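Both of the next two complexes hold subunit A, though its partner changes from subunit B to subunit C.
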Partner chain A sequence: MKHEPLAIAMISDFFHPNVGGVENHIFMLSANLIRRGHKVIVITHSHPPDRVGVRWLLPGLKVYYIPFPTIASSATLPNYFTFLPYFRVIIAREHIHLIHAHASLSSLGQEAILHAPHLGVRTVFTDHSLFGFEDAASILTNKLLAAALKNVDAVICVSHTGRENTVLRGQLFEKSEDSSVLVVRPNVYVIPNALVAEQFTPATEPVSSETSRYFHVVVKGTTNFSSVYIVVLSRLAYRKGIDLLVATAPRICSAFPNVNFIVGGDGPKLNDLLQVRERHLLQDRIELLGPVRHRDVRDVLVRGSIFLNTSLTESFGIAILEAACAGLYVVSTRVGGVPEILPHDLISFAKPEEDDLIRALSEAVAIVSNGQHDPMEAHQRVKNFYNWGEVAERTEIVYDAVVKSEQKDLWTRMQRTMELGPFAGPIYTIILVVDCLFFLFLEWLMPRHDLDFVQMHWEHDNFRQVQ
Partner chain B sequence: MQRTRPLSDCHPELSITEWPGFREYRVENWRLARDGSGNVVYGAKSWGWIDLCLPVVISFIWPRVSILLEVTQLRIGFTMYCRCAQVLYESVLVFPAHGIQLETHWGYPLLKPLFVSRRFIHASLLEDFIINEGLRRWNVRYYLAAVHGSSTDKIALDVAFENILPHFPVLLEVYQGVQELMFYNHTDNRHTCI
Partner chain C sequence: MNVEGWNKVLWERQPFPDNYIHPHSFLSSLRRNPNFKPYTYWPLVLLCCAITQHLATIFTFLAVFVRLKERWLDARVLLWVSIVSFFGGYALYEILSCSNPVRGAFTRSNTIKSSLLVFLALMGLSPVLRTLTAATSSDSIWALSACLFLLNALLADYSSMKPVPQERLTSVLSMNAAISSSVVLASRLPDDLAVFALVLFAVQLFALFPILRHRLQVTPQVAQILFTLILCVLSFALTVPLSVSVAYIYASISITVTFVAPGVLVWAQKYKNEIRGPWDVAVPRLN
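And now, the complex of A and B:
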């Protein structure tokens, strides 16, 4: 079904030149929406030294880098009102219909949801991660999220587990008609991430490693003693369960003399890995690659036959998907949205405990050594599971539903904001009212008719002409 | 010498003059109000209400302050300087095969220009003439920029119409004219149409 072309603004703190899951998601989704005929721009914060202003990315994606300083890992401080002037000008001059905010830690996205109704623009929010409920950072983020999502038009999550988590954290309930029971809002959707399968193809011939040159002969039914490589590629942080890896690696190495580890990535837990290597004299069994660029990930993956993911929390697990697409057998902790992404014959699960992880790894080593896992067949299956075109199509359906729904007026929004609680309610309502007054002031200071409107944009047809 | 106003409906401040040997794109420092009322908004004012308030204020505080003579002279001198150093018009002069020249003319609005600044960019140094978008205070504006090399081998941008900063339709007109005169002569397919 062909949808009306829309003008969409993706707003997030997390965008290129930083590299990561959210950034890649925004870029690939934007590229596919442009291919489907929509106009997409991205608004994000600037990066030192001179990434400020307006830039263009292929394929016709305009990016606005707003000069805000960052505090930690590319997130800006919630400065509710200083974003409004830039936001108003950009949205008005680009004739935007709908904004799509990404990531709960992105204050730019949440502010955009607050400001958008003043301009008559619809809002969609995508949540990419899972959060807890008990530590201080989570409590604060959840409260901010609940306030932002009170008046959003649609919420998209990347997995069903993620949807449950977001609904609980953001309090996305409404009273049902007979006002006796709370029901989940109908505008919460699940649209998974995707990957570009052509970038993750298995090795067509056996890959020799740097430390050994075994030719990997697979004979069904007999155990052979050629090397099995377990690949671990992640940020070396607590959240990613590196402590589990540190505990299980020596035991696996002593139980299976032919199993070696290849660990790529960097982070605060690198020292723990180095220490365990030293203590158990595993320098030739555990190879540490350091930070790996995204374009080199496939080459690292095809060196191994098992991919290990020890995350303590994972809302989708795109790394697991990339490894499965490259033909590796996956061993992962059963957390978050991981059980939803792959069929269970391509993945072994374990509880996030040492003994269970060893059980799962032993199982995986046996499966791979007996030749019961075929990389090419796995790749052929996984490459059809997810693709960005489908994600864009499903997102388009959400946009369509949002644009056709009715917009809430100011009084309704104020009433809904007051429902947040005895303290948070009045605070956020005051923020909303001051926001309206600042908006009126800006309408006087920089009248709409004086803006430099965009009259020409990159036409996607130009690509076809060049071809 | 022939002068036309190509955008006489909405942007009559742009005029194109065909001199023998070069073409001048001139943007004057006034515009039509963009709310459609047809009023003229002057960027360079010959007098304002502040000029009438100034003698009143001075006559009020004259008996009360001792060093007032110097302050008054400074104040009047400063006001006269400001009034005579307003931007009257800015131009882009295109000399085909020689280069382009960016000019700004300052002066008192009812007289001929008193000060002029000119910047000539030779055709061999001129890489391109582009319309760029940038953040300016709380706004996002389009501006015309001449991309040129310099003696130190670094690429620099020089903004045309830097003080007046007209809106996009004016810039598009100037852009197309400069591209046609400066770049289409060399190769046919160097720039595709937007």
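And now, the complex of A and C:
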């Protein structure tokens, strides 16, 4: 079915020139929505000195860089009101119908959800990460999220586990009609990430194993002895389970003389890896590449035949998909949303325990050595599982449902905000009311008819003709 | 729409809308209060005895200080009491260590050497300590020492003996607060001997007694209760002649801490709601 073309604003603290899962998701989703005939702009914070003002990205994606300073990890300070003047002008100028905020730690996104209803703009929110409920930081950010999501029109999560988590964190449930049981709001969707399969094609000839086979022929004089390379590409941090890697790598190396490791990435746990490599004299078996650029990932991946993911928490695990798409057999810890992303013959799971990981890796080495895993076939299958066009199509259905749904008026929003709790409720209601008054003040100070509206939009057909 | 055909996977497109929530699978892996062990009242009361004992030592110390300041108590008597209680406590500690051999880094000769050192150092320092805060008004000293004792009581290590005894930062802070407080109080005393006796007594009560208390917490319950009772009665008896109202306040604090607070904790447990699920950061198990 064909949908009305919409004008959509993606809002997040995390966008190009930073790199990462969220950044890539926003860009790919925007590009595919533009391809489907919608108009998309991105609002993010600036990256002085050169990423400021308004920029265009191919294919016709306009990016507004708001001059806000960042505090940590490229996130801006939540200040609720200072974003409103920028937001109001941009939304009005660009004739935006709908805003789509990304990432629960992005305060720009949360503030946009607060401001948007004043302008009659609809709101969608995508959550990309998992959070616990225990530590002080989680308790605080979960409360902020619950407040922001109280009046949002739709929520999208990237995995089923992610949805369960977001529903609990954001308190996305309501009393049913007979008010006896709590039911989840009907506007919580699951739309997975995707990947560009063409960027992750398997190597036609596995280069490294060819050369090493030759090497072993010379050394050992046997012909059926080929090396297996295990690839690890991850930030070397505690949450990525590098402790497990440090514990298992020497044991695997001693158990399988033909198994080598290739580790890409940087982080605080790099020293542990260097130390274990030195202690067990494995300099020629464990190769440490340091940071790997995203465009080089495929070249690193195709050097190996097994991909190892030791994460302790993962909401979707795009790195696993990229590896599977490049024809690697995947071994992963069974955490978060990872069990949902691949069929069980392409991946084997281990508990986050040293012994179980060794078991799973040994099985994977056996599968790969016996030639039971065909990289080309795996690539073809993964290619059919995920693509961005489908993600854009599914997101379009969400937008359509949101635009057709009834808008909540201010009184309803205030009542819903008061439901947050005896302390948080009044605080957020006050924020909401002050925000409204500030909005009215801005309407008086900078009347809408004085704004410079955007007259000309990006014409993709014209662009194609020029090309 | 049939419920059967749905799988919790993302890699295949299923004939369900994206906002479909499977009634059986949704939140099926949610676990509430998985490691929940409900507390019961009397074991909690027993654990609270450590706090009661600590409060008793603070009030004993304050009562002794007031007596020294008003010259109702001879400093020499206090000195002998300190020495006797040191040897008594050390003997008790040795006996308890024999039944529970947890050998620390300290041998007996080390202990005697360092206790002698502290004894002599305090003796040498007491004239300095006496005039330390001569320029400060007494009101500030009372307020300061009250704050420091509060800090001491809040941060003290009340846990029972762990397999590996290790000092935590808070327990060190707590001890320092108490010693500082006794030093500033001692500077209000009239003569050097009284200052020396009081600071020595403070070291006994706030540095050495907590170590002994750790050991006492593994003794039979009757011994613990008896010991707590003796300490409480002693401190109460020492406080009553000085001020009846303070004694009442002290008694009510003790009763609240020992009997009411555990009850409140037991009652509050019904509000415990710990949520666990597959989104939690897994704890890696290494050999």
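By our rule, the second predicted complex is superposed on the first by the 447 of 467 C-alpha atoms of A that agree within 3 Å, B and C clash if a C-alpha of one lies under 4 Å from a C-alpha of the other, contacts with A are read in each partner's own complex, and residues count from 1 in each chain.
One rule holds for everything that comes next: a residue touches a chain if its C-beta (ideal position, glycine included) is under 8 Å from a C-beta of that chain, and two chains touch if they have at least 3 such contacts.
Given the structure is predicted, the values throughout are model-derived calculations rather than measurements.
Peer 1: Should the pairing of subunit B and subunit C on subunit A count as a clash or a fit in the superposition?
Peer 2: Taken together on subunit A, subunit C would fit alongside subunit B, as the superposition shows.
Peer 1: Now for A:181: first (subunit B), second (subunit C), both, or neither, which partner does it touch?
Peer 2: neither
Peer 1: Considering only the touch criterion stated at the top, classify A:164 as touching first (subunit B), second (subunit C), both, or neither.
Peer 2: Second partner only.
Peer 1: After lining up the shared chain so the two structures overlap, which partner does A:447 touch, if you call subunit B first and subunit C second: first, second, both or neither?
Peer 2: After superposition on chain A, A:447 lies in contact with subunit B alone.
Peer 1: May I ask you to decide whether A:342 touches subunit B, subunit C, both, or neither, giving the answer as first, second, both or neither?
Peer 2: In the superposition, A:342 contacts subunit C only.
Peer 1: Applying the touch criterion given at the start, work out whether A:241 contacts subunit B, subunit C, both or neither, answering first, second, both or neither.
Peer 2: After superposing on A, A:241 lies in contact with subunit C but is clear of subunit B.
Peer 1: Calculate the angle at subunit A, using C-alpha centres, between the directions toward subunit B and subunit C; round to the nearest 10 degrees.
Peer 2: Taking the centre of subunit A as apex, the angle works out to 110 degrees.
Peer 1: Looking at A:67 after the superposition, I want to know if it touches subunit B, subunit C, both of them or none. Which is it: first, second, both, neither?
Peer 2: A:67: touches subunit B, not subunit C.
Peer 1: In this superposed model, does subunit C or subunit B come into contact with more residues of subunit A?
Peer 2: C
Peer 1: For A:54 in the superposed arrangement: first (subunit B), second (subunit C), both or neither?
Peer 2: After superposing on A, A:54 lies in contact with subunit B but is clear of subunit C.
Peer 1: Can A:136 be said to touch subunit B (first), subunit C (second), both, or neither?
Peer 2: So A:136 meets neither subunit B nor subunit C here.
Peer 1: Aligned on chain A, what is the least Cα gap between subunit B and subunit C? Give it in whole Å.
Peer 2: Subunit B and subunit C, overlaid via chain A, are at closest 37 Å apart by C-alpha.
Peer 1: Go through subunit A and flag every residue that touches subunit B in one model and subunit C in the other.
Peer 2: In subunit A, nothing is touched by subunit B and also by subunit C.
Peer 1: Going by the contact rule at the top, pick out the subunit C residues touching subunit A in the complex.
Peer 2: Its residues touching subunit A are 8-13, 17-19, 21, 25-27, 29-30, 274-275, 277-287.
Peer 1: Spell out the residues on subunit B that touch subunit A in their complex, using ranges where they run on.
Peer 2: 34-36, 132-135, 138-142, 167-169, 172, 192, 194
Peer 1: Would you tell me which residues of subunit A are touching subunit C in their complex?
Peer 2: 130-134, 159-162, 164-165, 167-168, 184, 186-192, 239, 241, 243-244, 247, 310, 312-313, 315, 333, 335-337, 339-343, 351-355, 385-386, 390, 394, 397-398
Peer 1: Could you pull out which subunit A residues touch subunit B in their complex?
Peer 2: Answer in residue numbers: 52-54, 64, 66-67, 85-86, 89-90, 93, 446-447, 449-456, 462, 465.
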